[in-house]
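Take a look at the following structure, please.
By letter and in written order, the chains are A, B, C and D; residue numbering begins at 1 in each of them.
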């Protein structure tokens, strides 16, 4: 009779045979120290090799939270550690599924562990296309980090692609399709992208750890414990209802307290205007001293093509942009140098909340700001930051989200907001605010330039409790 | 060809066949919440059944640290959670061994996972024989918790034994032999009992968590990662040297800061004298009001026999003893009632360090204490608390410890103290102190009973900086 | 001119003069180690003396969470450490108030630090009247721990009262009036009793720490930072809105996940029935072997009077009750012994949710349970556990709560639920469930007593997904 | 009679009068969120203004641990948060001193709280002169961050100096003299620079938090509690012996485990060689494509003068250097581009330990490395990393350290190593190792270039267990 260890040897051989050299386990697992998950466990050669590619190493130079560290100074962490963290959570989900829900017959809706490697690679690489100050950069230059992620994984010139190809010629496409949600196994897709996926779970815990706030610290161990595969993807045992509820509320709180913080948004506004000014100056024919944005040229000129200019894109990281901004503090263009200085030396704009009822006040405020000597195009902005903490599936939405399903003891499913009063309340609600940003100078009360004092005073009448108010005609 | 999941099904069946009903995994693992390890994962029916026995549930009523909570009030944790924690660490060690060092041929010095169940049971049950205020109780009444542990596991009348027998008639003996170190697989033995075992690792972390001190927080994840099986038992990879070093120092610090704390030892002294007085009163023929130590009788009368009186022993827990002490606060025997009151209402003795050079002062101090109205037999004590933070193997020692071995890349072993300066320093050194305990009253400076003032003053001349000093003749 | 340190000396003297010996600071503060707050800082002699009273030391023997440790085994903490923690939070609130909002003219609505000592004493003593398994005990024996708290503080025979009297003859009454909310300074009252007070803040953090759940870990530092005194008591700066919101949700989660856990409630049901049986047996004339509940007699006989029998009450702690239960496992009354055994050895009842729609099923279930051999009076129960996570002030409510007010920059106040969508949702909503409890035996599927199988099968038809369901007539 | 609050108002006015506008407290303290200390409390206008200077904001762009994040990826934190942390610890020390040891008569050796502001400023600014990859940069370019710190504080052109001058014209010199240890109040000096100072305490905790290791987590609260001022500076109460001991061991462990990690040192070696090559290329007359180290020119040309070129120095941050390295990956100089690539894409050298006995092997190894095609000047290095975990005062040492003194109850002092066996052991001992660094290629075993195989094989004979060994002649 076969002893157990003989069978295990057979399994390892089978796996090796089926998947080729690259899916063999490392003889002994390797670990990377991580403050959020304690250790990241690397068990396959391919994962180690992907981490060592230059495209992945580059993530060390892209901060996870952009301007948020201007508000929460500890938040200096990068997309590199976040990506490792997502991989680690995927690995742990696979372990739990394999322990408790191994498939017995194909199509039984349970977990087929031969999907593990594609899931782990997709988790590791899901953010590989992010660049410096991604969201603002994309907004100004019309790039798209998701498109670039696909390019990096599938373009034969990248090291990432070359490593993935060792598993098989179609493997890069499989990994890419998990990330863009077209992969056929929904369990794998939902591990990486759903309303309670490894990506969100890692960034909540990580952003919480590095900012030092308490809010994102939901109970990862408990959620991993109640997660389970089923025919339609991934659901949660009903006994985990409150753990999920708490996760949703944690995420809600992180948006309100951290991601939407007015100071960080203010720094983003300055950054956006700075990049806009850069673009305009590049487009103008004037030659400016101390202004050589060589690495930005394809973006400034609008000629960037992800398939052709991948290498240029990969050169850009936070340090490169900051170096430009730092040099531009001394450029003769007064708007560029002033905005650079505000960004580099952290001089945020102030802001006030406005609503549908008070938005008509904004033109008046812009005029006052202009009267005080600031070009409103660069020195004012509005920003609407809203998020839906939880969303029921809506096929007509632009980005329909898989809703969260809970499985009862008898196998039936209940959608989360039906089971939770707390979640029901916030389902589909836009949470956040609309803010008007303006130079701090407008709030001066002890202005020593007498000329501007009446303008400042007039401006300040419209703001109470950080909110824009309507004034009666005769006020 | 067999698919992977088919093989897994076969393995599960094999395991079931080889080991009988009781070794089958639970279909889905169960979890117990634990603040130290986050969750305890229960994967086998037998572990769940052992936890539900009345002998194991009784550990909920035995505090882990006796009188230590008088100094560190958070330390209210019990042997119940500690025992679960030891099980959990054993489980995690087995997982790591099975993942990284599975045996290929019998006798290759690697890990045979069919040993897992006996290891896990031994980890869970290693403290099952502990009673209320174990160490003090044993000292006064000459019981032995290790002997009682063996009895509980092997006596057919206990629920524990009945559960274990379902695995096989010899299984209780196998578990018992792991605990008393006579089991033949040294890997299993050393998991439970060695200088870096699951028992010590759990209690350091747990005592540290509940007392709130920082000292015991060594790096469990890292140690589990560098542990490995070998022919002689368990060793550690050389890359884990500093993690082990830190563990040794953590343990050293916990002894100095927590386990040897003078206030806790002082409360233990009071407890010992209280039990001693109880014994003497029971032996005397006088009938005392409010003094009915029914459950203690076999111990007071010296007739306790572990095989016969197991049930009596199992009735005794911290609450029972405390209830007696509480009632004895009102007993007419003034020594019993005073000591009870000091113990129940936390009125610790004071203490001072003495050495070989100053121990001759003690008789003088005892006389002064007697002159102040205290019976020195009950109101003074000496206690020597010493521990060796790390010990090289010494076959002539009474309790020889397996020394800690580190494995180099080429497979050769180096004994820990040879590799670590820090450990070498403290190897074999007795660390701790000797203290003389006495009533707090002796340190009064504003005594309002004029009669005793000269005695107190005289006494206090012998103590400086909490240490007993010699006085020259003419002082 | 007076130097600064000279003035400080004057202040210390003034304080001493005004308040007498007892309000003088300790020359150097003392600390108690606490895992939740790291250290408890003792700065006044009176606090040290109160801690050393026997009434306060007794709290070491009363668990904070009663039967909850049957579900979360780490939750062995006592009312002793909780009381210290409440004191510590009060102390920190006073520090912050004194730093940022010191009163300048009487009645200006700012903080008068001469109120500190009464606030700290009230925080320390607010739970002094709690007894063993308080809530269940009170329910069965009609005692009232709040009334007993008042008695302990004001009765001249207690050590607590004697210590308080050293401040002044009326000081015990002042402290007692803070606890029963009749004290005239609402800032002091609300520190101890309001919807966001030191009591609740400590128990959430502490219960969270010892159970090991994540849910109660709101951001204490942040809340202490945004708290401020005002004319009407205590409010919070608007910038702290989300910290308060998170605290409310944390509390909500702790109720759902920990305090209302079905297993703990099940053990409470068993305890209640056990005490009920005790009462009935005591009332009956039959003499029962092994049944001598001496310390319980005033309660069993209904003669307990808090002013006269305080000493008896103070003898009762968890250990005393558990000792009785342990002895009663062997009593000849089969109901008492069976319930004792279930309680001592943790054999919880099972439970199922019922609603207004299904409550008519309960009589049928009780009949089936009776048919299976269980007396429904002792072996079934219903329990409705509901809580309002936040309540707007309602003067007509039985226990009107001070609502939480937020102060805007211009000094105006906004009630919490007006500012927070999340809180608005759950305001005034009863959260929890109604459960029917019954013996686990009723859920057996592999019953080996054929006689009962049809009864069990019939019973189980009424329960699906842990919920009681209506069956159609013909089912 | 003056009421207490009236006196407090007087004190505040006195303080304002004595110290000028800048020493007035903020009306309400401000907080900065910090994951290590939870919150940083800002209570004085001057601290807020210093934080907002561009020289201080620049510290956001200088990582605290240089290449360590290549080994511990979480360690992305900057000197900005560390500097805030040192300030916060100084603030807490002052609070404790003022509460427990306020001076009564000048010269009594107790704490004079008018020294607080200079201590807090010095704590905040102690690292203000650090630059990108400080230690390696200084080593190659002979700059000195301590000298630059003094320059930034005292040079009238910096914003830092301008803020400090608002306190008084001599205030910048006072702050600078605390940092260079020439200030006359030793209590203030030792808060910032001694063997247990705010600087070291913050970096241990912070580096530990961000790397995710357990080792540096000593007990800050306890150490702050046992610290006290005395005539000679700062000492510790004897009751804090073990807390200090643990701090010393924690620091020792951080050196061994984190600061001396071979991979980080390997990356530093590559960086040093990269800067060296840059210098040589700048000195050569050849014009190199893609090589425009404009901002580095004063350093490359050796003309840097801290008083004249401060602005140039302040432009250099980690991002600027990394941007250069990134661009140089494509430079035609093969050594510069290869080293840049190894640094940017994390291709560390390997290393092996050598000793006095084996250092003669190094020339042979260098020859083999040269034979394999690597220029030994750039592709090999030795590094000796040693540290003394604790040092007794030695007036003849180059940097004599104030030794740590413990105060006994009778006021006498005991030097730490006399009181602690553990510390005595490691006192004055150099801990660390000497390593030889070389390209990873030398360890290839499956070299596909047959030409080099014999060289690699020969090389590998000299290395066993990561250590260089002597070979007998005939091997």
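Assume a residue touches a chain if its C-beta (ideal position, glycine included) is under 8 Å from a C-beta of that chain, and two chains touch if they have at least 3 such contacts.
Owing to the predicted nature of the structure, the values given are computational and were not obtained by experimental measurement.
When the partners of subunit A are compared with those of subunit B, the chains appearing in both lists are C, D. Should one ask which of B-C and C-D has more C-beta pairs in contact, the pair is B-C.
The greatest centre-to-centre distance from subunit A, using averaged C-alpha positions, is reached by B.
The distance from the centre of subunit A to the centre of subunit C, with each centre set as the mean of the Cα atoms, comes to 42 Å.
Mean C-alpha positions place subunit B and subunit C at a centre distance of 32 Å. Work out the mean CA point of subunit C and of subunit D, and you get 48 Å between them. Taken residue by residue, subunit A touches two or more other chains at 38, 213, 222, whereas all remaining positions touch fewer.
Taken in their complex, subunit D has these residues touching subunit C: 2, 4-5, 7-11, 14-15, 18, 27-29, 31, 38-39, 43, 99-100, 102-104, 112-114, 221-222, 225. On the side of subunit B, the complex with subunit D involves touching residues 213-215, 217-219, 222, 238, 242, 245-246, 249, 252-253, 256-257, 408-410, 412, 421-422, 425-426, 429, 431, 464-466.
Residue ranges on subunit A touching subunit D, taken from their complex, read 32-36, 38, 52, 54, 57, 60-61, 69, 71-74, 76-78, 80-81, 84, 209-213, 315, 317-320, 322-323, 326-327, 344-346.
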